[in-house]
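Next up: the structures, one after another.
What follows is a pair of complexes built around chain A, which joins chain B in one and chain C in the other.
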Partner chain A sequence: MAAQEIDADSGSEFDDDLALQFYRDRPEWNDIIPIPQDDGPNPVVRIAYSERFQDVFDYLRAVLKADERSERALDLTKDAVELNAANYTVWHYRRVLLQALKKDLREEMRYISEIIQDHPKNYQVWHHRRAIVEWLKDPSNELNFTESILEKDSKNYHAWSHRQWVLQTFKLWDGELDYVHKLLLEDLRNNSAWNQRYFVMSNTTGFSDESVVDREVKYAIEFIKKAPNNESSWSYLRGVLALRDISSFPGLMQTCQDMYSENVRSPFLLSFIIDIYEEQLESKTFPEDTLLKATQLCDVLIQVDAIRLKYWEYIKRSLTLRFGKQGEA
Partner chain B sequence: MGTPIKDVTLKPTAPKEVFFYKHVTYITSYSSKKDDYEYVMTEYLRMSGMYWGIAAMDLLGQLNRMNKQKIIEFTVSCQHECGGFGASIGHDPHLLYTLSAIQILAIYDALDSIDVDKVVEYVTGLQQEDGSFVGDKWGEVDTRFSFCAVATLSLLKRLDAVPDIEKAVQYVVSCMNFDGGFGVRPGSESHSGQIYCCVGFLSVTNNLHYVNADLLGWWLCERQLPSGGLNGRPEKLPDVCYSWWVLASLKIINRLHWIDSKKLTAFILACQDDETGGFADRPGDMVDPFHTLFGIAGLSLLGNHSDSIKPVNPVFCMPENILTRIGVAPQIL
Partner chain C sequence: MEDYADSNVGEYSNSTLSIKRHVRFFRMCLQALPSSYSSLDTSRLTVAFFALSGLDVLNSLDVIESEKQDIINWIYSLQVLPDPENTDESLSRCGFRGSSTIGLTFNPSEKDTATFHPYDWGHVAMTYTGLASLLILGDDLSRVNMPAIVAGLKALQLEDGSFSALENGSENDMRFVYCACCISYMLQDWSGINKDKAVQFIQNSLTHDFGIGQGPGQECHGGTTFCGIASLVLLDRLETAFTQKQIDGIKKWCLFRQQTGFNGRPNKKTDTCYSFWVGSTLKLLKVFNLIDFRWNRNYILSTEDTGMGGFAKWPDFHPDALHAYLGLCGLSMMGEEGLAPIHPALNISQRAADHLLSIHNKWRDGADS
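Then we have the complex of A and B:
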């Protein structure tokens, strides 16, 4: 399907001598008859699998078919994961084995941590980790762990999803805003961090309390002033104010106008001012030149953000159609 | 204003035309290099790989070069007793590969070669209490799977079979964010791929009125970078597959004209490999079938190569004429 992504970073080499031995050559496996991949009666494609890949998966198919619950099968899943960490059947089988053999789940957490470090963008490995956390009912290492992954890639979607699940399931909200703040100080354009701030706020205080909204508006503005072209901080500001009048919010218009007079021409600033004008126009109590000012800003945007010219033309046209005197449109 | 932008630069020598026959050769020969490491490594998603190749060939009007009989046989033999399809023979069933299989069979007008009722049973069985869908019987919840479920059922003309369609809709709507986009689960960051799935879901189920089309449309057209390419999230590099997901979503909400299509066309064309054929994620990278389909489909949506590429349906990423034949017309604003 169109939403399936190729996970290109799967597959790695074996790293110890025992593992280098083929299963077909190991005496302790000689009771198993390997099952080769069935490519169908008339294969569209005849795949020449690498020898090792074939060896491991032929034995895996055999133990899967026999539904064998053994230590050696558990070891075999490790080798299969090394060859393809995205194979969801292998992971499921591994979970079945972990339960059947009553394995130490702490040990499994150490193992999956290593695997995720190697394959941080793989769906299956994170799903496995979540299952183990659920079984252990212990999230104590999860925030540290996701932090270590986000240190290498602060926008890793899987790590953020896992972190959100942990926060929500185990109610670990306390230090999260501090963490997000730290990330934003490192990179104020980190959209994932802004989203996380919104996520924490909406799951804790919400945005109905005036003082909360005040604080968050100030927070966003502070970052906007540092980088007026930062889409994410503007987005957050809009999110915080989604249910309120922006035209009457104390100081907001003034702040925007100050930035404008300091020659800031960020499309996000201009667009925000246009939205304030639009709200004034809707309220019908506005200075006569409001529409003109708004459409003039659209003209500036058409110049400074030419790649989105059609969008700004649309905004200008709809303002004129809605609020202009007849004939002006 | 001196703002650093993560982007790529197109070389003056970058391709400016479609290498039509090179792409045809690339896709037909892809399936013959079976000893290729990459080919082996992608076996676990073979069914989707086949869909990418077949849909691309059909869009190029060259489907007759593929071995229809064998492809149908292979696809049919990947169906399990439970009704779902695996990525390859003997592989466990998954919703992702079930949709790919149904898309392949729909393109070949061969849906009568499988037990459709069983597929419907499999897909509907994946819906959860809260309306969401999982991808397989042990699996995770993801808005991708909500889309796969209704897209599959729609192609089978059995959308009516969803146990609780209203809950399914409400779940997807609950994943809508303050910026107008959608994520993988409620509260997850907006992401072009997930937006495509959610907007596609709402289109298939005729619920596009839930979308804030102007806000989402703006967010989507903000994905266009000076190179002309589109990214998947703010501050990420442009990519041909994200270009498709953004473009298709814009098309569904009728805002495609908000981006600079000339620049996007130039970006997509620059992602071609002028020697091997095929498209890469961005100029100069290795080509693959996944980006090749989305490159071709993107050019089709942009509409400026209509002499060589068939019109594509933005929701299903299949030729429009297939959907007309089946009688499926997802909502477009």
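Then we have the complex of A and C:
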């Protein structure tokens, strides 16, 4: 989290002749005095930089210090990015240069698209893209672009963050549910896609309208039936019903009980039924055996979800403490 | 420990941790990394933090006894100090850099000697790991320009309560809220944070499935859930920020992350670092004892590099400083023999946290007299 993931491909070799030439050997740079890195007498976590890395960054340090606003500096930032795309100062400097030199931002969009393809999990490159989209005020390529990244990794957090920002900033909600639906058909365990569905719903219709809630409950249940052991679809169901009594939602308890009689023992199913019982216990109008049924389900969970044995014992204990007759606990 | 003693779960249940091997790994990280690590060029300080805190948790800081002062000086050389020519305007740039890559002259003192640099900024993650590293090394923070750092923080909070990492060119999210809270807690000065707004940002980032994301609407994630909950603990707002139902939901979401080790999101792969991110969140929520220690320990040990030491995210992958350190922290929280206890909110050893407390007491006594 705090440190960047290591890019296996950083330090990749350049293939054309000009790029292979060191900056120190280029006549058009001989007016610049390179600045070496000064790490003091006892450097810590020294990196064995390649000769090329040192050369590029010695010159970068020099133009940064002078705050040079030139085409050659802009080219230099490209070489620096190639060696370390996580250097946020290089990206900031590049943005300063793009504006100072009034560069074609569409060209920059093509460039950053390529870089993101190579470094899809790097914070700095996505931030740069966002800045360019903001300057252009043009989100027209963003949904396609994030889609192409999500095709390779449908849970890439950066791509989803960027997509959410675009949807929210430019109000591009139409069609997003279809996209999410397509992803869920490909992988119904894609939690990012479920989250996106919830995100779109909360930002558009919300969950106060009965017909919307009915539709989304049906949607979730359809997926739950296909894979009852899927945490994401159960969480979505719970999220849709967050503002309501789940115990009084028509047909829901029956659906759960049917699954139970069909021998489904998914921890998420059992846990959901316990939650319904708990709600009934809180409402104080419930059949006498509600607590017993809930604690019996805890016993089943202790068997089928053994890694959480202590948790289910704890839930059983706390239900008994809260709702049991005195002495029962 | 009693939890693993009586049972054999997984193939590593009888393995013991080799302290020596991990000490060697962290020493290597502190010395030199190969050129393939060049993408860490701007954040070398975070690697130093993982290695130093790792040695601390291994009770082995004595192996760098003779280098401590040099390391302390190197860390101080990364402090962004106010420009004496233009103190007020330069304050918002203060904090720590992650390395010397910007090209300034080495200066370990608390006084600025360099001329103004137009692209020099502190970065909150570096300020946090810099201060934490100084504490681990037993430094008294006397060369830290505290008012400047607090002013630097103030410049980074956004309208929605979140924090950017630096004044120019950074995203804003939950990670940096956490860093800002650690810094304010360490310096015992909260004037750089609008607490109510920070709390609101964390509340707004609670998801429908009761984890916390990088920001409102974003998918919940083990790392950002830790950042949110630990921030609330440091802000002393955990009790009031969420309802009991919400807290119960967060506990459950975290406990469901355990597969053998922990994953960071529902339906994702187990990864060593979440034994810390999720484990310490459960510790802060006071239900860490509900996890299955045996499977968690077995997973962490399965990612150990038994040749060069350290832990990787997955079995048979290359180890790195982050996973090596967080793997150790995961084991420490379960009472692994030979490891020092950790302070789960600050992500440093309890010993380093106690040292911080003694510094706070000294500051208080100094202010009283």
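Heads up, the rule we're going with is that the second predicted complex is superposed on the first by the 310 of 329 C-alpha atoms of A that agree within 3 Å, B and C clash if a C-alpha of one lies under 4 Å from a C-alpha of the other, contacts with A are read in each partner's own complex, and residues count from 1 in each chain.
To be clear about the criterion, a residue touches a chain if its C-beta (ideal position, glycine included) is under 8 Å from a C-beta of that chain, and two chains touch if they have at least 3 such contacts.
These numbers come from a predicted model, not from an experiment.
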>> Contacts for A:118 in the overlay, against chain B (first) and chain C (second): which applies, first, second, both or neither?
In response: neither
> Of the two partner chains, chain B (first) and chain C (second), which one does A:308 touch, if any: first, second, both, or neither?
Replying inline: both
> Just chain B (first), just chain C (second), both, or neither: which does A:265 touch?
Replying inline: first
>> If we overlay the two complexes on their shared chain A, which of chain B and chain C does A:229 touch? Say first, second, both or neither.
In response: first
>> Let me test your reading of the model: by the given contact rule, A:67 touches which partner, first (chain B), second (chain C), both or neither?
In response: second
> After lining up the shared chain so the two structures overlap, which partner does A:85 touch, if you call chain B first and chain C second: first, second, both or neither?
Replying inline: second
>> Going by the contact rule set out at the top, does A:214 touch chain B (first), chain C (second), both, or neither?
In response: neither
>> Contact-wise, after the overlay, does A:138 reach chain B, chain C, both or neither (first, second, both, neither)?
In response: neither
>> Quick check on my understanding: which residues of chain A belong to both its chain B contact set and its chain C contact set?
In response: 1-4, 6, 10-11, 37-50, 53, 61, 84, 86-89, 92, 95, 123, 127, 130, 155, 157, 160-161, 164, 168, 189-192, 195-196, 198-199, 202-203, 230-232, 235-236, 238-239, 242, 306-311, 314
>> With touch defined as at the start, can you tell me which chain A residues reach chain B in the complex?
In response: 1-6, 10-11, 37-50, 53, 61, 84, 86-89, 92, 95, 123, 127, 130, 155, 157, 160-161, 164-165, 168, 189-192, 195-196, 198-199, 202-203, 227-232, 235-236, 238-239, 242, 264-266, 306-311, 314
> Tell me, which parts of chain C touch chain A in their complex?
Replying inline: 29-48, 50-51, 67, 70-71, 73-75, 77, 100-106, 108, 117-119, 121, 123, 125, 129, 165-166, 168-171, 175, 207-209, 213-215, 217-221, 223, 227, 252, 255-256, 258-260, 265-268, 273, 277, 287, 289-292, 295, 320-322
> Mind pulling up the chain A residues that touch chain C in the complex?
Replying inline: 1-4, 6-8, 10-11, 35, 37-50, 53, 57, 61-62, 64-65, 67, 83-89, 91-93, 95, 123-124, 126-127, 130, 155, 157, 160-161, 164, 168, 189-192, 195-196, 198-199, 202-203, 230-232, 235-236, 238-239, 242, 306-311, 314
> Of all residues in chain B, which touch chain A in the complex?
Replying inline: 1, 3, 31-32, 34-35, 37, 39-45, 48, 50-51, 67, 69-71, 73-74, 77, 88-92, 94, 96, 99-100, 103, 136, 138-140, 144, 147-148, 151, 177-179, 183-185, 187-191, 193, 196-197, 217-219, 221-222, 224, 226, 233-236, 241, 244-245, 248, 257-260, 263, 288, 290, 294, 317
